[in-house]
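Got some structures for you, see below.
Shared between the two complexes below is subunit A, which has subunit B as its partner in the first and subunit C in the second.
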Partner chain A sequence: MTAIHRKPDFGSIKVGETLPPLRWTAGIKDVEAFGEVLYSKTSSRATNPHLNAEYASQHIYGGLTVDGNQTVDFLCRMVASWLPRNASLSHDSVLDIKFPNPCRVGDTVEFRGTVTETSSDDQHHTVHVDVIAENQSNKVIAVGRISASLSR
Partner chain B sequence: MSADTEEHSRPVYEWNVATVGDDVPPHDVTVTPDLVDLYVRGSGDDNPIYSDADFARAKGLPGRAAPPSMAIRVAPTRRAVIMGRKGYAHPVRPTPFARWECQMFAPIQPGDIITSTSRLADKFEKRGRKFVVWEITAHNQRGEKVLVHRCTNMWEGAKAEDRER
Partner chain C sequence: MSAVEQRPAYDWEHARIGDVAGAVTVEITADAVRQFNTTQQQAAGLPIEPDDPDLLAVPPVMVRVFAPLRRRELVAENGAEYPNHPTPAIRWSCRFFNEPKVGDRIVSVTRVQDKYIRKDRHFLEWRVDANRNDGTPVAEFTYVNLWDRGRAEDRNR
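For the complex of A and B:
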């Protein structure tokens, strides 16, 4: 993962500005570690297309894929680690992400973002970031928008 | 009859039987500090807002928070339960995640008890594929709405070319 230089404050964020990209190679160990977080102890590994290679090979994508929640996690990380320290995705935030293609285990993914809008009200500033994740074949595996709030 | 046998004897909850409004009673999940710590270790996300209460308070939060991507764990779709209540079994095939929409209203914190409701909010067809949309609404133990998220899954319509996508 590449290091991110955080913006100092809301005023320094400009529409059209691009975020430093993140890159990640989807290793099975990372996928399994995230699965420990995401799936309850009672969920079945036998029918999990992210963890069970044999099951995954018999179904739609023909192989292991990364859970969309893990892709979202990287997009959130890219945005949250770039925004000023008074920003948060944990409250007063909106995420809308589509997954047009699978992210396969072994893919190298680049996560990118562009600031498309900023706004303010009495309590918060809001930064809207269009986000995208593409694999090494330039296939879009996730695309959407993350809107984060900054306390004033 | 064992639960497993019973599950296999049920018809499958295919798209044509999915009915908007299918739901489950509220469900509680306790957000333990261990669960958030597990996230921090498992994801590799070193944002101190998730691990350092003093840092989180300095950002205006009441304490350390859970990340948005934990929404699915603390407020799960519980779709298999929805299907079971209706007398159906979950399909034994992947149902790819097509879209995730999440609105976070208030931070989720270690120690919170998150009560969520889940319902089938929509179903639609697009380009020969069939989709379902689950909507989950979650409140904390103080009755504050903490989040609403919508998970769209492709339910039917896998194509041969999907193996090359």
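For the complex of A and C:
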């Protein structure tokens, strides 16, 4: 179990600070469980490159890959579990994530983040975190920025 | 030949900026949010406490559930056939305006926002606007997919 080290308040967050990393091995059970909560009940498994190994083997990456949404969700959880409780990633917030390489089923992924900027206005504070996810071969599978807001 | 077989493939040349899918309404339910959070917290090895109110906080990625991308529906509504190969995600950008809550009924619309070529690869950019059913904006996001079959070297990436 990953321990939570939550920041107590906005004032305790410093630019340059790194977040405790999150690690995940992309097991097929986790990928399938995510599919259960993300995809509609009517979506076809036959043409899903995250769930159908035979279909995936015949196409671009030659094997099962992790849905990018699952990768982004882990990045969000890493950030959300570190920020103070009054932070929100889904109110006055922005996520911008690129997927330079596929995350393959079986990969071991490390999710990391660094605070790059903080700002404040009359209503809320904002914390900008540059985030990255790399697999065991140091290939970047996701990179970008999550900007969260904290109510004042 | 049936009507279905006569449909053109929705390849990059066929796609038009502005192609749109009709609006869809999805309610954010407590069960769906709890299941989503529990599934991902377990996978991440993060703690789960059954009474934790955070289990009912709508995570950002659930925008993909309550404001679904609906590419296949858009393609069908525009009288075409969806490509018969995967279309990998390249980029996801999402801006939230107002926090989605359990019980919200979200109305969303999907459209083709852009199409472009980079390094001889073809990309489609989709946009989804999500509002509460009273019109309050919740989120807007863009999603870019590679629309080619891929190259031999992609198998080693």
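Going forward, the second predicted complex is superposed on the first by the 151 of 152 C-alpha atoms of A that agree within 3 Å, B and C clash if a C-alpha of one lies under 4 Å from a C-alpha of the other, contacts with A are read in each partner's own complex, and residues count from 1 in each chain.
Please note the rule applied: a contact is a pair of C-beta atoms (placed from the backbone, for glycine too) under 8 Å apart; a residue touches a chain by one contact, two chains touch by 3 or more.
If you're wondering where the values come from, they're calculated on a predicted model, not measured in any experiment.
Enquirer: In the superposed arrangement, which partner chain does A:N86 touch: subunit B (first), subunit C (second), both, or neither?
Expert: In the superposition, A:N86 contacts subunit B only.
Enquirer: In the overlaid three-chain picture, which partner chain does A:F99 touch, first (subunit B) or second (subunit C), both, or neither?
Expert: So A:F99 meets both subunit B and subunit C here.
Enquirer: Regarding the shared-chain residue A:S151, is it in contact with subunit B (first), subunit C (second), both, or neither?
Expert: So A:S151 only meets subunit B here.
Enquirer: In the superposed arrangement, does A:L22 touch subunit B (first), subunit C (second), both or neither?
Expert: second
Enquirer: Subunit A residues touched by both subunit B and subunit C?
Expert: Residues 1, 30, 33-34, 36-38, 40, 47, 49, 56, 59-62, 65, 67-70, 72-73, 76-77, 80-81, 88-99, 101-102, 139 of subunit A touch both subunit B and subunit C.
Enquirer: Where on subunit B is subunit A touching in the complex?
Expert: It comes out as residues 35, 38-39, 41-45, 47, 49, 58-61, 65-70, 72-73, 76, 92-94, 96-108, 158, 162-163, 165.
Enquirer: Spell out the part of subunit C that touches subunit A in their complex, as residue ranges.
Expert: Answer in residue numbers: 32, 35-36, 39-47, 58-61, 63-65, 68, 84-86, 88-100, 139, 146, 149-150, 154-155, 157.
Enquirer: Over in the complex, which subunit A residues touch subunit C? Could you list them?
Expert: That would be residues 1-2, 4, 22-24, 30, 33-34, 36-38, 40, 47, 49, 55-56, 59-62, 65, 67-70, 72-74, 76-78, 80-81, 88-99, 101-102, 139 of subunit A.
Enquirer: Hey, which residues of subunit A end up touching subunit B in the complex?
Expert: 1, 30, 33-38, 40, 47, 49, 56, 59-62, 65, 67-70, 72-73, 76-77, 80-81, 85-86, 88-99, 101-102, 139, 151
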